[in-house]
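Two complexes, one shared chain (subunit A), two partners (subunit B, subunit C).
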Partner chain A sequence: MKVIKITAVWCSACLIMNKRWKEIEKDYDVETISYDLDFDEDEVKEYEVGEKLPVFIFLDGDKEIGRLIGEKSLEEIKKYIEELN
Partner chain B sequence: MVYLDYSATTPVDERVIESYAKACRDFVGNPNSLHKIGVEARLVIEASTRQIADLLGVKSSEIIYTSGASESNNTAIKGICLKYQNRGKRIITTELEHSSVIAPLNYLTKQGFDVDFVKLDDKGRVDLDDLERLMGDDVVLVTISSVNSEVGIKQPMKEISQIVRKYKKCFLHSDMTQSIGKEKVDLSLVDLASLSGQKFFGMKGIGALIKKENIVIEPLIHGGKSTTIYRSGTPMLPLIVSLAKAIRLAYDDFAEKQNHIEKIHNHLINELKQLDVDINSNEYSINHIVNFSLRGIKSETMLHALEEDEVYISTQTACSTGDYSLAVYAVTKDEKRSASSMRVSISYLTTLEEIDLFIDSLSKNIKKLGELK
Partner chain C sequence: MKKLLKYILVFLFFFCFLVNVNAKEKVTLYFFHGDGCPHCAAETTELIKDLEKRDDIKVVKYEVWHNQENSAFLDKVMAVYKTKTGIPYNVIGDTAIVGYNEANKFEIERALEYYKEHNDKYRDVVKLIKEGKEVKINDHYSKQDDKTDKDTTITIPFIGEFNVKNISVGSAAVLIGLVDGFNPCAMWVLLFLITALIGLKNRKRMILLGSIFLLTSGLVYFLIMFSWLNIIISVSTSILFRTLIGLFAIGAGIYNLYAYIKNRNQDDGCDVVDEKKRKTIISRIKKFTREKSLIIAILGIMALAISVNIVELLCSAGLPLVFSELLAINNITGMKAVVYDLIYVIFFMLDDFIVFFIAVKTMDVIGFSTKINKYSHLIGGIIMLLLGILLIFAPGIIMFNF
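Here is the complex of A and B:
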């Protein structure tokens, strides 16, 4: 599954989630494309990021099938991915 | 105008401007030059540094001048971690830190460092048991702000210091931007502390990193010796003179200023309690900062409505592209409150009349914007 990860360098929740996401990448077959909210403005524009970071957008091909927003526990992320599968 | 955003920045005290202007006029030499006017300039810097050191209870050699708190935080965090990475690559911090702490930590994770976030209790204070649990011989740095800028939560620095001190190879840094100049601080508790002049009526563009004398760090800016080998560049004499003045003024008549701020704070809290808002600051918040949440009104909408009445407060946000505040969530565990928080920050200049004008405008706009829902 392809996942667009949108974070910012100044965001503590992003820092926390980066670490958890590395665990996810070990256990699941995910291809992560990382964008920085400030440095990759053009790429991020099309994803309509709301008020809260980080944002994980799950894609089936090019179609968005789910979105995780903000800080989530490792268990919550796993549960969400398994429900999508 | 009613200015209630003193934690964002303060107006510069006229006496500070005067000291800056006088230093610009009177001392034209480069303090690193060997001729007479260079030596005169160097002596002025040394005198100002001694004054700052005495006021803060540190040694002159422990002061590194910077452009402000962001540079101080970056210098401390990257400087320690890059220098001592052979000791360990783990760092401990909190979710209440300023972006100028989080961003260098983010940078360091890309260099192989690992960052752990210590739990906070239900009042937003560091959970000391969790800190004990997280500590270990591989922790090279603990960085925790003494006072959070959004909700004003004051951390138990003495207890934190006692825990960190058990680990001889670990350093303790504190972003004291919201403490220094606003409250008495004990810098012996930490190895490094950041401060910014603009938070206590000083000039923008000058701050300092206080670093214990025996600690060596990797500089961010390499070059000549300047006032220290840890931050190169021609010494900014007028700004240094102005910083000494600002710190001295901040601690003049300190007890009276604190009493005044307490009186203003209590009045503000009492008035806010009468309105349709939730107060997020708690008994551990400093009196200078009062954070509250609106019910069903976007904080940015309110900010602009208040602006129409020339009332200026802030919507302080972290980890957000809009109104959502992670700091408020950390303290309240309430999504709605976190999405609609506002911060009032006061100083010794704030009057009861200004608070009343703010409350009148807030009350009027709550009613007006509430009707538009």
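Here is the complex of A and C:
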């Protein structure tokens, strides 16, 4: 599964989620493409980031099948991914 | 004729004595108090009622919490005596005694006796002020404040003397500062700055510029808080002003509680800062951290810290304002106020210090969970609402300092 991860260096929730996502990458077969809100403006533009960060966009091919927004626990992330699968 | 002369002489003798008695001015205690102020109530019960029964002393009472005119008059009186502000405010001749406790009760009684015995030194200063006359105070009891503190001072082995009454205000400084500190408004700037500094791979420069940012931020916050306190002190006895701050605290408290209730089931995470503002600050941080001239880099970081903190202050104006009112209502001014404001700022910046310290140690940046922000809204809201209600309806409860 392809996942677009949009974070920002100034966002504390993103820092926490980056670490949790590394754990997820160990347990699940995910291909992560990371973008920074401030430094990858062109790429981020097409995903319409709302008012909260971080944003994880789950793709099946090029089609968005789910979106996880904000700070979540490891269990919540795992549960969400399993529901998508 | 001789008999008549004798009567005249006797009459003159008594007349002279009578004149002499009348020349003695009756000593007046001016008692400025507030309805609802527990220390005023205690003074009324324990002292004023007894003094009112006496013929040799006159008691004049001014209620200042519900009477605007009296409140304004007390401001004038306090300005003449140049004492700390607060009630109960007792005036006997040239002596003003602020607050009420066992020691002050003794001082009031002693001052009354002193002026009765040394009537030549007594003058009705309050009356002169009321008449609009200029008065220069010649206070015989200028060191009363030091004496009153002894009541609440205990000696702790190996540590020394400690004033118990400072605990409550100190606890408030720690608690409110800590809650205020978890306000996320300015944290994003620090996180970006640390990330930029880590990118330089120069620990010394990181420590220098990061410390300057934090110290400048703390100093700006401290100066704003201290200025507020001085403004509040100058008008602290005004009922209108205290009520306005109380209403502001209630409004801000309700807003914070509303923010908590509204967001409690929503996603935790970082609010995306306004793009234009974000880009401006980010470009400044990049520019100053990479600046070759260290002096320009330092000045730039200082300017950034000042501008960010002034703008972001609106984000958390409520708690420092309410804390300043808390200091004012407890008559904490001067060096004591500096110490309490410093305690507040240190705890306000505690999360920033932790993030920076860890970054320096590990050359990695960490963030606090945004869930804490949610609870800071809840706790901050409760504190503000509570203090607002107390400021308006029962200010006596938060007068820890008497």
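Note that the second predicted complex is superposed on the first by the 85 of 85 C-alpha atoms of A that agree within 3 Å, B and C clash if a C-alpha of one lies under 4 Å from a C-alpha of the other, contacts with A are read in each partner's own complex, and residues count from 1 in each chain.
By definition in this document, a contact is a pair of C-beta atoms (placed from the backbone, for glycine too) under 8 Å apart; a residue touches a chain by one contact, two chains touch by 3 or more.
Being a predicted model, the structure only gives us computed values, none of them experimental.
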> After superposition on the shared chain, which partner residues are touched by A:Ser12: those of subunit B (first), subunit C (second), both, or neither?
Replying inline: both
>> Once chain A of both complexes is superposed, is A:Leu37 in touch with subunit B (first), subunit C (second), both, or neither?
In response: both
> Can you list the residues of subunit A that meet both subunit B and subunit C?
Replying inline: 8-16, 37, 49-53, 70-71
> So in the complex, which bits of subunit C are touching subunit A?
Replying inline: 184, 187-189, 191-192, 195, 267-273, 278-279, 282, 365-371
> So in the complex, which bits of subunit B are touching subunit A?
Replying inline: 93, 95, 97, 99-100, 102-103, 105-107, 109, 114-115, 117, 318-324, 326, 339
>> Under the definition above, what is the set of subunit A residues touching subunit C in their complex?
In response: 8-16, 37-38, 49-54, 69-72
> Within the complex, which stretch of subunit A touches subunit B?
Replying inline: 8-16, 18-19, 37, 49-53, 70-71
